[in-house]
Structures are given as structure tokens and as C-alpha cells.
Amino acid sequence: MQYSSQAVAKPYFIVSIALFVGQILFGVILGLQYVIGDFLFPEIPFNVARMVHTNLLIVWLLFGFMGASYYLVPEETETELYSPKLALVMFWIFLAAGVATILGYLLVPYATLADITGNGLLPTMGREFLEQPTITKIGIVVVALAFLFNIGMTILKGRKTVVNLVLLMGLTGLAVFFLFSFFNPENLVHDKFWWWWVVHLWVEGVWELILGALLAYVLIKTTGVDREIIEKWLYVIIAMSLITGIIGTGHHYFWIGTPEYWQWWGSIFSAMEPIPFFMMTIFAFNMVNQRRRQHANKAAVLWALGCSVMAFLGAGVWGFLHTLAPVNYYTHGTQITAAHGHMAFYGAYVMIVLAIISYAMPMLRGRKAANSRKSQVLEMWSFWLMTVSMVFITLFLTGAGVLQVYLQRFSDDPLPFMVVQEKIALFYWMREGAGLVFLIGLLVYLSSFFIGSKDPEATLESA
Amino acid sequence: MSQVFTKAMARNIFYGGSAFFFLLFLALTYDTHMELPKRDNRENLTESVILGKLVWEENNCIGCHTLMGEGAYFAPELGNVYIRFGKSKDAIKAFISSRPVDGIPGRRSMPQFNLTEEELEGIADFLKYASEINTAGWPPNIQG
Amino acid sequence: MGRRCITAADLFLPAIIGCSLQINVLPPNMTDSTQIRRYPPGDLAIWIFIIAELLVFGIFFASYAFARANNVELFNTYQLTLDRQSALLNTLLLITSSYFVVRAILSIQADNSQHCIRWLLAAMAMGLMFIVVKSVEFAHHLGAGISLSTNTFYMFYLSLTFFHFLHVILGMVILTTLAIKTRQGAYSATQHDGIESGASYWHMVDLVWLILFPLVYVMR
Amino acid sequence: MNALMKIKSCTWIYWALVFLTLITYVISRAGYSGLTVSLSVLVIALFKGQLIGNHFMGLSRVRGPWRWVIFIWLFIPGSLIVTAFTLAS
């Protein structure tokens, strides 16, 4: 660690991982509710558990992005953070708001939560992924602005590299598009239309800038390839992401009351969305092949490479599977969507945050470059356990989805939703099994922070 | 020719391309909003429907159900539930208000939300309004 | 052409068009930009962008053709409402404009930046006329109450021509930048990558129209 | 190739493009229609595209894969269009 203010990243990363554990625990609960319908009912009904699962994901990824920024921006700008104190204050505010919101979900009925937080004044709650009480949303905006201010001022006074500029653009976009979450028109079609400006323009727009910047940073650090080359790639990849992704929003405008030309525009542009992800895979592997030095942190390189592959599979291939309007007509809102969502989020965003944690944590904990050999072996085991089980979760959900589409939408004698759900229960059981393996992988991941932490650091010869 | 592929050009393409396609997206957004009055059933957006949407949101219905295919995939699609229930608001209201507090053993159950008569009427009106939006022929059949 | 070293372009060339990775070493007497080369004129980054754009248009064209196959009657009927004279005029304008840009490149290769600017301005004048003619056509359709949602034919016609129209505008912005930079003396006989990049983009805009014109206006 | 010859050759290409465009227009004005006419018009257009690619975009002087960028682009959508029009008639 070259700059002492980078240390503020550590609490962000720790909370990130803690919330990740919470997310997976609720994921396992949800998976069980799919097959044992009354599990934990009425104490934790499905909608509450799902809300906790998805909101924890978003919040821990945000913690991860913030931690990553606090870690890499001082190094890229070659200067100390503008205000480490502000970063710590915001950490506690964000943590308190996040925990209070999750507890609110779990302890009182959602309608009561809406009532006590004054949702009637400015109704923004109760929309998928944006379930947070309005007051929490305001809190998120405040934290995001303070964060952007802190990062922006640091970049302003230091060296401006492509990595930190792209990161800053991504983070600014994240904050800007989140503002649309306050816009909840009474007209349902308007509501749905603008809701996607948060959700789609986040995950298939500005978040890809963040992903690209973080990946580029990890690759610069671990491969020693000339910065010029990596930055060129970064520009080309994010250019392709936005060129395809912005109009690609149209693939959500097929069946929600919006004009039918979106079926063409959305299909054509989103069919090209896999291209930037493919380029990212080629990029990551090429850079590692062209590496000028070995890095003792093998685990970080593994996460970075894994991220590029899984993002391509999850976001690119599984997205393309159901993005064309004639296909989507049958698959829209089925387990196919769930399959895509799981692998895309894991591949693109979970893995990049884990990659940067894997790269930064050894230094934050006082190592020179990498963890001990023993810790790294455990971490790489957790990589394979989680990644392979996520592949199986995706495959089982896809199987469930294909059957669901056939039985409920496509066959001559379509069956009711609940009847179909019972027929495909076997797939949900298998998915739950894969989910438990994922949980085991996560526990192995946690153990890698403790086991071997007293051992000497891995060197190039031993790693 | 100094370099085959320059960073400056890659950067220009990123800024230019992004701005270009964002502007195009704004143009299409504008056109969409011009077309929506013909499709989005806004003439039936009554006070009761607006209340119904709030009830829908404040009970997190989207946490289990889909509405026009968006939401969670745990419980049936509700964009066309009004039609599936034989175009009967009473059937919708009766279904919601009759959910047992402790659920149905071993099965997925909908919670008992203890809605008032006005709220029940609102949610039924909201679902009727939603079913009358022109969704380009989706869902493929009555089962949603 | 300067010394070749491995660049990022070499690395993802194979990915994009499936060729094998090779490092090209040209004999020193073949470094004149008019001689055989390994890469197209201009910056490779613009060519990646051009490929992406062509891909979109290519998919759009094929979509048009297949959508037409399902609605032959409709497409044939409404195709007759289009103004073929202005389409012809526009085609000639774009071809001429492209030709002028070629002349601009030849001028700068001869180190004559005065001529280069003149040719660029002439090309821009053609582009501007295209924009005017096309705007009149759009105004006509708009006045007749035609929109993207009128029918599938107009959806494609308006999408394709409007999307292309925006490219002409972007191309005009690029040509303007080139003219200004030429005036500032940024390009010379030995250094004109930037102007070749912009020119390649402008030719792409022309190329797309050359297919669009017969496909949408003529073929029935 | 000296400068004057280069100007001459690209001017020739220009007149060829204009001529082919006028032919397309005349065919259309004369009211000819049908599959054969349509496909001929398309082939003319693809040929024009190749002229642009080779001579205006300078690909004729390129050796290696980039040489074929425009050709491939013309070929693939071109054949899809041919297929669709053939199916429709």
C-alpha cells in the first residue's frame, strides 16, 4: 500500500463481504421456499426474503465499488485521498442506513414500513429493486454525492489516468441515473418506462464503465502490461458497451405498453450487447498472456480472468438467448430471466468486486503483495466452488425456464402457473443443491482470510 | 503514420459514440411518449386506480408476482389476471381477502394483507386498468 | 508508416475477423502510404467503430428484407409513397461528397492543405444539401401524420433513414473538425492519419446509403 | 502511381458510380418490378459498395484480412436480402 489513505477501503471491503454472506443466506432461504412453499411463512414471506436478497446484493456491490475506488484512486492519482475522514463518516452512515433498512424489511410488514417512513408523501417504494423507503433513497443519494465529491476532488488534484476518469464517469452515471428512482408516475407504462432508466442504464450501461475500469486496474497491476495498451482497450470496450447498451434498453420495452418498433430496435441493438463482453474476455486473456511479470497474487488474476469469462457467459450469451423479441415473447418473465440474472450479476459484478478485494486485501492487511500460499489455495478453491455452482444454478434455472415456457406458454394446452411450478419442482431442488454448494464455497472464501494468515507471504517461486 | 491505433481516437469514439447513441435514445424516448396516449389506457386512470397502484406498491406485490412480465417469478402474472378471473373485480377482491393468515400448509401462500374495502376496490381497479394496456399481444395466452 | 510494433490492434484482430496473429514487417521501400499496406487508411480504432456501425445497418437491412417477406403487399403499397427523385438526388450528393473527400485526401498527400480545405468544404456543402433534402422529406411525412408506429413499412423506412440521417450529421461534425484542423496545419503529406480516419467514416455513411437507396426506395 | 493518375482513376470511379446510380433510377422510373429486376438492382448496389470500399476507402491497397471487411459486409447482408426477396416472391 503506497498511500496511507487507501486504508479506508478496508472497512468497506469487510462490510461488503459480510453483506454478501447475508445475501447468500437469504438466497438459500428463497430457493427452499420455491419447493417448500410455507417455509418460514408467515414470518418471512417470499417477497421479504427476495427483497433482502436483491437489496443486499446491490448494497454490497456499492460498498465494493466504493471500497475499490478508495483503494485505487489514490494510487492512480498518485496522491492521498482528499478526505479519508469523510470517507469513514460516509461508511458509517451508509452502513447504518443499510442495516436499518434491512431490519425494517425483516421486522415489520412492508406496508407498515411504508407508513412509518412516510411513503405517502413521495411514493417511491414497492418497485422491484427500488423497494427502499424514500428516506433510505435520499440517504443513498447523500452518500453517493459525498463519495463522488471525495473521489472527484482527489482526481482533480492528482494525476488523471484513463482508469480513474472512466471510473469517475461510471460512478457519476450511477448517481445520476439513480435519481430516476424518485420518479414514480401514476401512469403504469410511464412508471415502467423510467424504472428501466435506473435498472438497465445501471447494469448494462454505467456499471460496465466501473467494471471496465476495475478490470483494467487489476490487469495493469498484476500483468505489468504497458498502461497505454490497456487504456486503449478500455476505451474501445466501454465505447462498445454504451453504443450497444443504451439503445439496448429497448429490449425491456417489448411488452409493457410501449410502441412496437422497440421490438426491432431493442432486438437489433441488444443482439450486439455480447460484443463488448466478448472483447473483454479476449482483452483479459491477451493481457495475461502478454504479461511482463509474474504476480505473487495468483488468486486475484484468477478472479479477473474468471470475471471476464463469466460476464461474457452470463451477460452476453444468456442475455442473447432471450433478447430477440420473437423469443422473448415466450420467455419474458420466466425462470429464463432468473437464470440470466443470476449468472450475469455473479459474472460481471460480484466477481469484479471479489477480484479487487482479492488484489487489495493482502496489502490492506499489511502484506507486501499477496497472501500466503495456503490462503491463496483456499481462495482459489472457493473461486471454483462458487463459479461452478453458479453455472449449475444457471443451468437448472434454464431447464426450469424452458419447461415452464413450454408448459405454460407454448404448448397447445397451456397449464396454469402454479400447476407448472409443481411440475418443474425437481429443477428447483437441484438449484437449491447447487445453491448450498455455493454457500460452502463462500464459507471457504471466508476461511481464506483466517487460515494461513500467519504463514509467510507467497513468493513467485512458491506460488 | 505513427501508430496504427491511437488512444486519442479510441477516446473520441467513446465520447462521440456514447453521446450519439444517447441522443438517439432521447429521440426515441420522445417519440414513445408521443405514442403512449394511444396505448397506455390513461383515460381510465381514475382516483381508485391511483390508490390501487399505491396499495400494490406498499404491499410489495412485485416481490412475488410479475406485472407484464416484470417482477418476481414466484407467483402468477397479474397483468392479465382480470381477464383470467373472468373480468370480475369481485373475484379478485374475494381472492385477496380470503387468504388464510397462516398460509396453506406445504404450499406457496399469499399473505393476508388486511386491506380495507376501498383498498380492495382500488387494487381490483388497478389490475383491470393494467389488463387494458396495449402490450403488443403479450402474454401469449390466458395463463400469463 | 513508422516502425511496427505489437499493438492492441494486433491482439484483437484475430478475435474480430478470425485471422491468425502476425506481425507485419514491410520492406523499407514500401512505406509510402499509397503502397500496399496491412491496415486500412486512418486509425484502426475508427475501423472498429465502422465495423460496429456496419453491423447495425447490416442487421437492420436484413430485418427489413425479412419483415417485407411477411408483408409484401404492405411494403409494395407504401414504397410507392416515397419520393424517389429526392432519393436519387441524395444518392448523387453523397457519392459526389465522397469523391470530394477523396480529392481532399489526395491534396493533403501532395502537401497542399489549401486545396484540401477547399475539397473538404465542397464535400460538406454536398452533405448539407443532403440534410436539407432529407429534412424536406421528413417534414413531408411528419405533416402527413406518419410516424414510427404508422405501420411496419414506415417503421423501417423512418428508422433506417433517420438513423442514417443522424450519421450524416455526425459525419458533418467530423468533416468540420477535419477542416478546422487542416486550417490549423495539423495535417501534412507525412502526417494525415486523422483526416484519413474521418474520411473513412464519411465513406461508410455513403456506403450505407448506397445500399439503403435501392433496398428501401427501389426494390419491389 | 503519380498524383495525376490517382486523381484520374478516382474520377473514373466517381463517374462509374454516378452512371450506375442513374441506371438504378431509370429502372425504377420505368416501372420495372419483380424478382429479377430487384436482384439486379441489388447486385448493382453491392458492386457500387465494393467500388467505394476498394477505391474511396482505399482497401484495394490493403493486403490481409482488412482487405475483405467491406466485401464481407456487402456479401452477408446482401445474401440475406436475396434470400428474403426470393422467399417473398
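By letter and in written order, the chains are A, B, C and D; residue numbering begins at 1 in each of them.
Everything that follows uses one rule, which is that a residue touches a chain if its C-beta (ideal position, glycine included) is under 8 Å from a C-beta of that chain, and two chains touch if they have at least 3 such contacts.
These figures come from a predicted structure and were not determined experimentally.
Peer 1: For the interfaces C-D and B-C, which has the higher count of C-beta pairs in contact?
Peer 2: Comparing C-D with B-C, the pair joined by more C-beta contacts is C-D.
Peer 1: When the C-alpha atoms of subunit C and subunit D are each averaged to a single point, how far apart are the two points in Å?
Peer 2: Roughly 14 Å separates the two chain centres.
Peer 1: In angstrom, rounded to a whole number, how far apart do the mean CA points of subunit A and subunit D lie?
Peer 2: The answer is 46 Å.
Peer 1: For subunit B and subunit C, what's the span in angstrom between their mean Cα positions?
Peer 2: 40
Peer 1: Would you pick out the residues of subunit C that each touch at least 2 other chains?
Peer 2: 7-8, 39, 45, 48-49, 55, 59, 148-149
Peer 1: Please list all residues of subunit D that touch 2 or more other chains.
Peer 2: Answer for subunit D, listing residues that touch two or more other chains: there are none.
Peer 1: Please list all residues of subunit A that touch 2 or more other chains.
Peer 2: As it turns out, subunit A has residues touching two or more other chains at 232, 235-236, 239, 243, 259-260, 265.
Peer 1: Can you give me every chain pair that touches, using the contact definition above?
Peer 2: Those chain pairs which touch are A-B, A-C, B-C, C-D.
Peer 1: Using the touch rule from the top, collect the residues of subunit A that touch subunit C in their complex.
Peer 2: 229, 232-233, 235-236, 239-240, 243-244, 259-261, 264-265, 268-269, 271-272, 275, 278-279, 282-283, 286, 290
Peer 1: Using the touch rule from the top, collect the residues of subunit C that touch subunit D in their complex.
Peer 2: Per the touch definition, subunit C meets subunit D at residues 13, 17, 19, 22, 24, 34-41, 47, 51, 54-55, 57-59, 61-62, 65-66, 68-69, 72, 84, 88, 91-92, 95-96, 98-99, 101-103, 106, 109-110, 196, 200, 203-204, 206-207, 210-211, 213-215, 217-220.
Peer 1: Within their complex, state which residues of subunit C touch subunit B.
Peer 2: Against subunit B, subunit C makes touches at 1-2, 4, 7-9, 33, 39, 43-46, 48-49, 147-149, 162-163, 166, 170, 191, 193-194, 197.
Peer 1: Give the list of subunit B residues in touch with subunit C in this complex.
Peer 2: Listed in rising order, the residues of subunit B that touch subunit C are 1-6, 9-10, 13, 16-17, 20, 23-24, 27, 31, 34-35, 38.
Peer 1: Quick one: in the complex, what on subunit A touches subunit B?
Peer 2: 33-34, 36-38, 41-42, 45-48, 50-51, 110-111, 114-115, 119-120, 123, 125-128, 131, 162, 184, 186-193, 228, 231-232, 235-236, 238-239, 242-243, 246-247, 249-250, 253-260, 262-263, 265, 329-330, 332-335, 337-338, 408-410, 414-418, 421
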